[in-house]
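Input: one structure, supplied below.
Order as written gives the chain letters A, B, C, D, E and F; numbering starts at 1 within each chain.
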Amino acid sequence: MALPMLRIVCGSALLSFVLLFAGDAAAQDAARLNSGDTAWIITATALVLFMTLPGLALFYAGLVRSRNVLSVLMHCVTIACLSSVLWLVFVYSLAFGDGGAANDWIGGFGKAFLAGAGTDALSGTIPENVFFMFQMTFAIITPALIVGAYPERVNFVAVMLFSSLWLILVYAPVAHWIWGGGWLAKMGVLDFAGGLVVHLTAGVSALVMVVMLGARKGFPREIMPPHNPGMVVTGACMLWVGWYGFNGGSALAASGAAGMAITVTHISAATASLTWMVIEWAKHGKPSLIGFVTGTIAGLATITPASGFVGPVGGLALGVAAGALCYFCVWLIKQRLQIDDSLDVFAVHGVGGLLGTVLTAFFASPRLGGLGFADGMNTMKQLGAQLTGAVAVAVWTVVVCYIIIKIVSVMTPLRVTPDDETEGLDITTHGERGYNL
Amino acid sequence: MKFIVAIIKPSKLDDVREALTGLGITGMTVSEVKGFGRQGGHTEIYRGAEYEIHFVPKLKLEVAVPDNVAEQVVGAIRDHANTGKIGDGKIFVFDLAQAIRIRTGETDAEAI
Amino acid sequence: MALPMLRIVCGSALLSFVLLFAGDAAAQDAARLNSGDTAWIITATALVLFMTLPGLALFYAGLVRSRNVLSVLMHCVTIACLSSVLWLVFVYSLAFGDGGAANDWIGGFGKAFLAGAGTDALSGTIPENVFFMFQMTFAIITPALIVGAYPERVNFVAVMLFSSLWLILVYAPVAHWIWGGGWLAKMGVLDFAGGLVVHLTAGVSALVMVVMLGARKGFPREIMPPHNPGMVVTGACMLWVGWYGFNGGSALAASGAAGMAITVTHISAATASLTWMVIEWAKHGKPSLIGFVTGTIAGLATITPASGFVGPVGGLALGVAAGALCYFCVWLIKQRLQIDDSLDVFAVHGVGGLLGTVLTAFFASPRLGGLGFADGMNTMKQLGAQLTGAVAVAVWTVVVCYIIIKIVSVMTPLRVTPDDETEGLDITTHGERGYNL
Amino acid sequence: MALPMLRIVCGSALLSFVLLFAGDAAAQDAARLNSGDTAWIITATALVLFMTLPGLALFYAGLVRSRNVLSVLMHCVTIACLSSVLWLVFVYSLAFGDGGAANDWIGGFGKAFLAGAGTDALSGTIPENVFFMFQMTFAIITPALIVGAYPERVNFVAVMLFSSLWLILVYAPVAHWIWGGGWLAKMGVLDFAGGLVVHLTAGVSALVMVVMLGARKGFPREIMPPHNPGMVVTGACMLWVGWYGFNGGSALAASGAAGMAITVTHISAATASLTWMVIEWAKHGKPSLIGFVTGTIAGLATITPASGFVGPVGGLALGVAAGALCYFCVWLIKQRLQIDDSLDVFAVHGVGGLLGTVLTAFFASPRLGGLGFADGMNTMKQLGAQLTGAVAVAVWTVVVCYIIIKIVSVMTPLRVTPDDETEGLDITTHGERGYNL
Amino acid sequence: MKFIVAIIKPSKLDDVREALTGLGITGMTVSEVKGFGRQGGHTEIYRGAEYEIHFVPKLKLEVAVPDNVAEQVVGAIRDHANTGKIGDGKIFVFDLAQAIRIRTGETDAEAI
Amino acid sequence: MKFIVAIIKPSKLDDVREALTGLGITGMTVSEVKGFGRQGGHTEIYRGAEYEIHFVPKLKLEVAVPDNVAEQVVGAIRDHANTGKIGDGKIFVFDLAQAIRIRTGETDAEAI
């Protein structure tokens, strides 16, 4: 069983890297460009970019009131551009470069500006620039996810400052710990495509942001139904399709591992959607479309860390768990605790990412149809690693986020004025209106 | 002349329009409005929360008529906009001081 | 000529399967994972999913009145999720599994829950899980096509029951007959990507459904122009792009066969669109956008069964035939027979699928630029096979559909109340409104 | 350095062709189908089609007033279909076929209807039909770009005539000169993915068209803000994602060259967007979303010719230059010269394409992080070639465009009547309305 | 005071607004309406069928004015909304009992 | 009876509606309008050009009331729609000749 296991685990970005530098036979064999793998990862890169632009942007923009639709779109495209430039300049290097003595904690600057990565440089069986681009799309979507926490009231300058600092100080280290060969990777934390690196960091940051920023004027008394559910569904569908690249691409090969990743991803999205629908139907008498696709995203976020390790049954189970738990957490945060995490980033992404990370320890087990653990691991040991990883990532995120927001709030107001909030950010911040029909 | 304003259910527009055409009324103006009234609104669901929407979509019909047909027109609207259910709407009648057709400059009875 | 012929025909899902289990040299050679083929089929899978989510959903949703836009979107996403789960649980197995003694008619349960298909299992040159996923996207879109028959009046519970039973009782057997090694496959019926399996089944079912469900209130007197043609075009374009995966992916390889499939697919879409436009222009004095893209879909549906067998000239010809015949059939069904197949599923998909299936017998001939027949076949013999297939599929679909709808109508009303129909399904069934601008 | 250089340059469509017929060892080696390369180019084909349908269509349609939204969409889909059919019939052959004695200027008719290109025919390492389709998507988008010059007033019949003649008389020869082995190719002009062939031809044609057609009624006094910025952003994002196929696919292989192409493409888009935003913010006090994504397109158009030759630093620099220069040119053309190039085709595409073509001579240099020149070239020589190419293409385009429009204006009016213009083309030309909400 | 309601063609709004501003009118209110009248509607095509759309998009202009300028305002609207084609619209004049500016509480002539 | 028309800021609708409900008013009709007035509009930016948008989104509230409560209603609107800033809007009061409830045929005071 060791060999197939190895091949599967190779799927995770981390280990393929470890192998790459290990110099053993397998790695040497891998050190030839495979055009099929390359074709798939370029495609996956396009798919993940598509998740943010326009997938996530539409998903979020449809959920706010029509007077803020453009501001949300603007947040997403601006963050995409800022993250891309920073990624090239040095954040990729921090996340995936060699950190020398500090490598447990952070990479170095050796790969800044993609230095040394000519068109011939490989990363596993694909060109390093393709790996760079694929990972860049993750660095784009992760801060963009946080947009859902603060729309309809945030100051645009604060968004730009916060997102840039966040990418450097939260994303880069956490990505390095887990995918770049850092301490959590060595501990054996399994996070196939970003339950911790992407969804937990984003979800926790959303919560910190909201607590420091405050709720929208009128929350929760005033009615704020989504202004354009059709736009929300369009975005959700694009996210779903793009997620094939997110999870399937994380196999870093066009292989059965990639195939299994998209299989479980798809199944989890489906069962989470149906689960959310059933709960909502039972509780409110009506199955809503917005609820349905919120379930979809919950299912996708939850399967993300697990998608390279579990089998179809794991996909089914994680989806059901995701639909139920995220539904409950939306209610808990918004209705019960009255925290205006406006588009439910924590309840969907934070909780989903955490849930999937924990359940990976169980459903990776062959007894539950999973693909098995690394040598020397079992459910309990793995669970320990997963929980350690989750706690470490959450604590780091809370602390650093708090500091970043404090710094930003010294430089610029976090919120727009109440009048601008009433009139809407589209006109007041961007000088445009969403619909001139 | 009278100026008749009717707030009606959107689904009743075609019936009312046909009835008025039957009375020889050749022109009218319609706009979309939101009504608050006894009918109450409806509930919308959004991620586990229910929101009470107070307004109900209605149509506002405006028609200027000579005094002598005003009663007939009011009657026709009342009959054809009626479903017998709460929210059928209201008819308001105003005195109209003057009417002008822009194209020709004709006034009053000839203008409408 | 035999060898190249063989390679081409291999493109169809059916024969690659036959070969796979035939144990001959070619098959053994094939039994190695090809990463390029795998990359393409994973991509094709994403493309076909994209056809439904959000392609078809937007295409259909833009065609209804604004008070029902969300209900149509909801139908599509719900069917997608239900079909996915059922596909995993046992429908894939019924369609593509080994049915033992009954294999002419239906597969068995051996592949339920993707049993035995680890990440190493192959199907031809690609992982079996990738084949499973690719085929799943077909099982998603086919029942979703039928949505166009019953919008603006159907009861949501009935949609779910009907679609689930339909997938099991209509789709699974027909797919098995033609693609799973069943009796029509043995007879040599050519259906590259689903003229019969997808479009004819959907179109015929739409007709049965409408006859049993009844027309929309006010049909055909009341005006019902599409509420959002821009949404319709967006969906149509996504369908077009996604169809590259549908037809090109059905070659199950990244090859010249796939390249030819997308070529003829594209050409047929183009000529059908232009044909529809010209006819409409001549008849009504104006070329409409909705008409244009309806022609696009007609061209795409029509080329589907033929796309692995005909050449570019076949693509041109099928497009013209599709544009003209489907235009006529829309008029026939809606205007003349006054059957409220609301979004013209039968006239576009049913007729298109049938037309393409029949014309395949002609345009597969090398004399008409086609790629040739299997050994021992010629136009007339092939025509016989095609017609037999079409009749068998149509009859089965009508009978089973009728029974399913009868059963469903016992369990739940098929329609909403007239009042709910007037108010619109968005509010009355789902508690949401399409636009809060 | 010669060998790697060669491999990179191979990326350009032109040289792979040259090599193919050169009969040397490298070419022979290339003459085997590579399924990974094929997978990527089929995917890239779908991505580039997606750029037009619906990317560009939505981008443009959102920018006009709501009464003309459908007419713009109609222009795009109609041009797509006409171009596709013409491409098959003989334009592909003119562009990429062998022109015999006239080959410096134009290809021949030998490949009309894709003659001789069975499913086994190769073009480099991919099937010729895939190359045919990939190039077809360029022939679709290029005339569609010009749509932005004449919306809201143009006669639909004139659009069809103009676009068809334009594809034959402007696009085919220019594509042949540069990519089909013509005189500019021999001179060593570098145009990786269409700075001259696509963007300069389209931009210059837009200008000629506008001068001959005249401005929209009320220009520039009347207010004409975009009716649906959300639609514009959706289209822009699709263009961005699709551009991975446009530039990355132009490597004609799933390789590090493709990876580098998408890297610099992405970076240029990001920096151009941010540059535009900063300028607008400084000048008008507000960063607008429409401005932002206009910068995106400027960055993408500008990097296009350079994308196979420059490195990441070139991407950064070209993006900044694109954002600044195109911003200035929009102002120059629209505000200062009061030329109603309505959606700024010349200022964005024409100027961007030209800028990128010129800067390629500098940033291809390894000293600026570029991938180097062909043997015997250096910055100055290359600059000479680039400028010669640009002037030749611009002059040819102006002259031929003028003649085409004269011819078209004899056959049909170029504009609709003023009344129809006021009422909007959607109702008056196509008998439909954009929104029935 | 008079309250003048004019139904005009959308393309005429700018002309009319400028004309009224020229008369010293500083405020007015506009809304989108659908007109039924002699002008008739238009035909829309949908998959081989033609639909008669009865309504025509119009704008409704509302402006409250002191009695002494009412005639001038009516005249200005009539002149500037005129294209001479069917469908130019109507002007309706009402007596206005009272007007209040919300911000200041000023009433009547001072309020408008 | 009086027919009161108020042009108010959109953000003030909820306050006003609650105030009127407090006075026992059970029905009203609301529509979206564009206001031209002292408030001026705003500037929109489009690719390097600035456009002056003259209109401001407002809501029009229409409510028919018996004579005796008219003053109270006007007062309530004035108080609750007031922000003290330019653009708060206007209240117009008309004499209403007749009112009919469509559902029951009741007239005048009983109808509203």
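The criterion applied here is as follows: a contact is a pair of C-beta atoms (placed from the backbone, for glycine too) under 8 Å apart; a residue touches a chain by one contact, two chains touch by 3 or more.
Since this is a predicted model, take the numbers as computed values, not measurements.
Chemist: For chain C versus chain D, which are copies of one sequence, does the interface use mostly the same residue numbers on each side, meaning over half shared, or is it different?
Modeler: different
Chemist: State the pair with the higher C-beta contact count; candidates are B-C and A-B.
Modeler: Result of the comparison of B-C and A-B: A-B.
Chemist: For chain A superposed on chain D via Cα atoms, how large is the rotation, as a multiple of 5°?
Modeler: 120
Chemist: Where the CA atoms of chain B average out and where those of chain E average out, how many Å apart are those spots?
Modeler: The answer is 18 Å.
Chemist: Centre to centre, by mean C-alpha position, how many angstrom separate chain E and chain F?
Modeler: The separation of the two C-alpha centroids amounts to 18 Å.
Chemist: Taking each chain's centre as the mean of its CA atoms, how far is chain A from chain C in angstrom?
Modeler: About 34 Å separates the centre of chain A from that of chain C.
Chemist: Listing for chain F: what residues touch at least two other chains?
Modeler: 31, 44-46, 50, 94-95
Chemist: By residue number and range, which residues of chain C touch two or more other chains?
Modeler: 34-37, 39-40, 43, 225-226, 254, 284, 286, 288, 290, 430-435, 437
Chemist: Would you mind giving me the full set of chain pairs in touch?
Modeler: After working through each pair, the chains in contact turn out to be A-B, A-C, A-D, A-F, B-C, B-E, B-F, C-D, C-E, D-E, D-F, E-F.
Chemist: For a test of understanding, state which residues of chain A touch chain C in their complex under the given definition.
Modeler: Where chain A meets chain C, its residues are 4, 8, 34-37, 39-40, 43, 47, 65-66, 225-230, 233-234, 237-238, 240-241, 244-245, 248, 253-260, 262-263, 266-267, 269-271, 273-274, 277, 284-290, 292-293, 296, 311-313, 316, 369, 371, 434-435, 437.
Chemist: Hey, which residues of chain D end up touching chain E in the complex?
Modeler: 222, 422, 427, 430-433
Chemist: Provide the residue numbers of chain E that touch chain C in the complex, in ascending order.
Modeler: Listed in rising order, the residues are 44-53.
Chemist: Which residues of chain D touch chain F once you look at their complex with the stated criterion?
Modeler: Where chain D meets chain F, its residues are 220, 223-226, 280, 283-284, 286, 288, 290-291, 294, 327, 330-331, 334-335, 344.
Chemist: Residue numbers of chain B touching chain F in their complex, please.
Modeler: Answer in residue numbers: 2, 6-8, 31-38, 54-55, 58, 60, 74, 77-78, 81-95.
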